[in-house]
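Order of writing sets the chain letters: A, B and C. Residues in each chain are counted from 1.
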Amino acid sequence: MKKKSIVYPSILAVALSGVLAGCGGGESGGSDDNTLTVWAMGEEGKLLNEMTAGYEEAHPDVNVKVQAIPWESAYDKLLTAVASGNGPDVLQLGTTWVAEFADAGALLDLSEHIEEYPEFDPENYFDGAQTSMKYDDQIVGIPWYVETRTMYYRTDLLEEVGYSEPPANWDELKDAASKLSESGEDVYGLDIDLNDQITPFIFAWQNGFEFDAENPNFTSPEFKGALEYYTSYFKEGISTTSEGIDIVQAFKDGQKPMFFSGPWMINILNDQAPDLEGKWAVAPMPAQESNVSSIGGANFSVFHNSEKVDEALDFISYMNEVDTQLEWMEKSNTLPSRLEAWEDPKLADDEMYSVFGEQLENTKGAPPIKEWEKIAQELLATIERINIGGADLDEELEKFNEKADSLIE
Amino acid sequence: MLNQLLKGTVRNRHPFIFIAPALIILILFSLIPIMIAFVISFTDMDLKGLADWSNISFIGLQNYTTLLADTVFHKALFNTFFYVVIGVPLVIIFSLSIALLLNYGKTLIFTVFRAVYFMPAITNIIAVAVVWGFLYNTQYGLFNYVLSLADIDKVLWLEEPVMAKLSLIILAVWKGIGINMIIFLAALQGIPNSYYEAAKIDGAKRWQILFFITLPLLRYAIFFVTVTTLIGWLQFFEEPFIMTQGGPLDGTVSMALFIYQRGFQFSEFGYAAAGSFVLFIVIIIVTLLQFKLKKSDAEY
Amino acid sequence: MSSGKSKNNTERWIATILLIIGGIIVSLPFIWMISSSFKPENEILQIPPTLIAENPTFQNYIDLFTNLNFGVYLRNTLIIVALSFVGLFFNAMAGYGFAKYHFKGKEKVFYLVLATMMIPGQVTMIPVYLLLNEMGLINTMAGIVLPGLAAAFSIFLFRMFMATIPTDLIEAARLDGAGEFYIFFRLIIPISKPIFAVQGILTFIAAWNSFLWPLIIANDESLYTLSVGLSLLKGQYANNFALQMAGAAFMVIPIIIIFSFFQKYIVEGFTTSGLK
């Protein structure tokens, strides 16, 4: 009996380690000589798998392995990769994350390779997208697909308040939105997403604001004017601070007949509000000094310790050929980053996409500094204090400016 | 002689053999990492430091002093306290009462209801967010609709700091009942029927049986549920994370959400680790207090 | 006598009615989740939400299975479930060790165990990853399962429950010459059926939904679980709710089966083991 007492756990331990080892199986790390590992996010990661065949045909000695990573945990996964150096060769990175990971040294500087590949020439890409390619004086990424914000509006409802053309500037936007708001109970002429980080900056840019990392100038008249305009929508009840109903349904019901969003909304509206067809359209941003919008999307980067830099660059180059980009657009419904791709009739002649193409000509990217996320969050908190807490705009901007100044060092 | 000695040690080793497998895993994958995190809390580690440890520098207690001056952290502390004081008793009372009700019968309907009350624990979190988002919607929500039938004004469920906290508590109580309920049910099974029968023969009334037999015999389970629920609620995270992201005006930020935002949104790992240790110390104090109070009662 | 019986009956009715009202409130989101999985995308966010789909469709489920690398994900998930039951067993052993033995420093060790519950998991994620990396367990099933094998909550629950088992019973078995492990397997485990059932349910749910470690440890998709696979269907901006609800509904079915299977032990429990 006594003997048994030690025997049990040892058997168990042996059995367990056997099971575990058996399940481990297979290669470790995918470091085979000819495997190129690519990390891509969410749905795009799954679709990218279908795109690699073309590349592999041209490069029979390379085997591309795409690992799809859910968006919600991509950051966790990237952290462990940065900490351990167990990263992929090629990495899809949202443009807002570029600065932070470049600052940490996780992304390979591509400057010396840029001239070997005609596809990588910054001139190939939208001005706004070029911002995200650089960090300090390094080239850390190549734009893969882009997105920008435009205005979605109900053509029929705007017609009713006298706008047969979409509002083209701030005054018209305000006027149209107030008239729409008055047209019925629970109608909010313009919907502004209070959780969206970039919207306040879009207004500021349109008002002539230029961000200066050396000396944050959030108390400048341009920035202040933009925020006064932005918050006036809430003060006057044209926009609502409460969650309300889902934007698609509100758009359908006419309760929120105008809002800003990106290209993904086209499909959502087509799928979720099919009966609305013909009653809505997209238009470029209304202008103040200009009608700048934001540009985002995703880049391809090479992980800092990749041993297959050449293959990685070949792969990125292939993915960014105009034809591949067009094929990718059809598959994923994302917008190509290459200027040339926009000459294709599939984009140029599409009444929705062509608006995005037009808007993309006039965009700015989030400033490539690693503190950006913190500054943007701080601004949202500031706006919340003004909108909901009833705080004074001047004072809050003063505080925000100091805070931003202390964040950037 | 040697044999004797060996036998002796083997016998004394029994508890260790029982405990060892779990303990080794806990030491390796929890305690050591906690100690590493503790060290990190004295550094300025960020993403750069994570990539290359030579970028990390020790900054002493600076993270902790910054934390004490951080107004958002103050709010997080207060909110967490608010959640715990109101939420924990509610969870215990509700899950215990439901378990007692369910224990009434063994017919099919009671079996079904055991599963029904467990459902919130297994409902997908996105479904929870969507449905509760609808229930709490100020203009179109079901709750406000029902209130409007009784001529009560619209309630700003998630848009006013105190109300938003209460709304999240309701949601969390709803979610937390299931697991505690089955623990209570399992414990109720441990009470031999003969106790009830004896009490009935003695002419005891229902409430007497409840207060003098059932509840005292459930004290282990109640203690367990109290301790683990308190620990869980001090780490209150998911509800504000999915429903409010800490807003309005930081009115629903909990300590755990604060730590998550600093660590995983802003990559201030050193600062987040310091926040975790303040939370850790709070939890330890609360838990030790409970054990001390329990000690005077009985061996558990 | 008859008046006592009718009183008993009224009480039972009150209990039943209370349970039904509470049950409806409690299960609404769950019902919505199930019914939404049969709705087309344009119906899903309708206000007020419909409890029964107006235009029911199976399309979401068809999409789900065509989009998911189902076989591989299911296999991995089942392996994790099986292995975590080994962990359940470790926890039971540890709970018993703490409950029924006396040794030096027991309480201190136990506090240490409890302390592991008190730190949010995100704080220790990177250290754990680096440790597993040192151990060469990256991209292995062992690396996925090991960190979650022991759980303080579970050890604590086993301890609490096993402490209520009369020590006389164990002493009597010892006098009969039973070994310590014999006692554990033949006496303690059968008596502890209700708590094993509770823990079985909880362990199953945790393992079945395991998400973060399979994702972080895996270097390719061959180690992904069902949860990871489902979350791949989520977009950065756009969410396909109907598809996600189909996924969630599908994930819940095995849990309900396991629950109904185990809950009869929660109900039977001690009463049949003859323990007084």
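Just so it is clear, a residue touches a chain if its C-beta (ideal position, glycine included) is under 8 Å from a C-beta of that chain, and two chains touch if they have at least 3 such contacts.
What you see is a predicted model, and the numbers here were worked out from it, not measured in a lab.
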Original post:
Touching chain B and chain C alike: which chains?
Top reply: A
Subject >> Chain pair with the higher count of C-beta pairs in contact (A-B, A-C) >> reply: A-C
Subject >> Length of the line joining the C-alpha centres of chain B and chain C, rounded to whole Å >> reply: 16
Original post:
Between chain A and chain B, what is the separation of their C-alpha centroids in Å?
Top reply: 35
Original post:
For chain A, what residues touch not just one other chain but two or more?
Top reply: 2, 5, 12, 76, 79, 83, 245
Subject >> For chain B, residues contacting two or more additional chains >> reply: 11, 14, 17, 21, 50, 137, 140, 264
Subject >> Multi-partner residues of chain C (each touching 2 or more other chains) >> reply: 45, 47, 122, 126, 146, 180
**OP:** Note which residues of chain B are touching chain C in the complex, please.
**Re:** 11-12, 14-19, 21-23, 25-26, 28-34, 36-37, 50, 98, 101-102, 104-106, 109-111, 113-124, 126-128, 130-132, 134, 137, 140, 142, 174, 177, 179, 182-183, 185-187, 189-194, 206, 220-221, 223-224, 227-228, 231, 235, 237, 256, 259-260, 263-264, 269, 272-273, 276, 279-280, 283-284, 287-288, 299-300
Subject >> chain C residues touching chain A - in the complex, by the definition given at the top >> reply: 41-42, 45-47, 67, 79, 83, 86, 122, 125-126, 129-130, 133, 136-143, 145-146, 177-182, 211-212, 215-216, 218-222, 228, 231-238
Subject >> chain A-facing residues of chain B, complex >> reply: 7, 10-11, 14, 17, 20-21, 46-48, 50-52, 133, 137-140, 156, 158-159, 245, 247-250, 264-267
Subject >> Residues on chain A engaged by chain C in the complex (per definition of touch) >> reply: 1-2, 4-5, 8, 12, 16, 19-21, 23-30, 37, 41-43, 45-46, 65, 67-73, 76-77, 79-80, 83-84, 86, 94, 245-246, 248-249, 262, 264-265, 267-268, 271-274
Original post:
Which positions of chain A touch chain B when the two form their complex?
Top reply: 2, 5-6, 9, 12-13, 75-76, 79, 82-83, 100-101, 103-106, 186, 195, 241-245, 370, 373-374, 377, 381, 384-385, 388-389
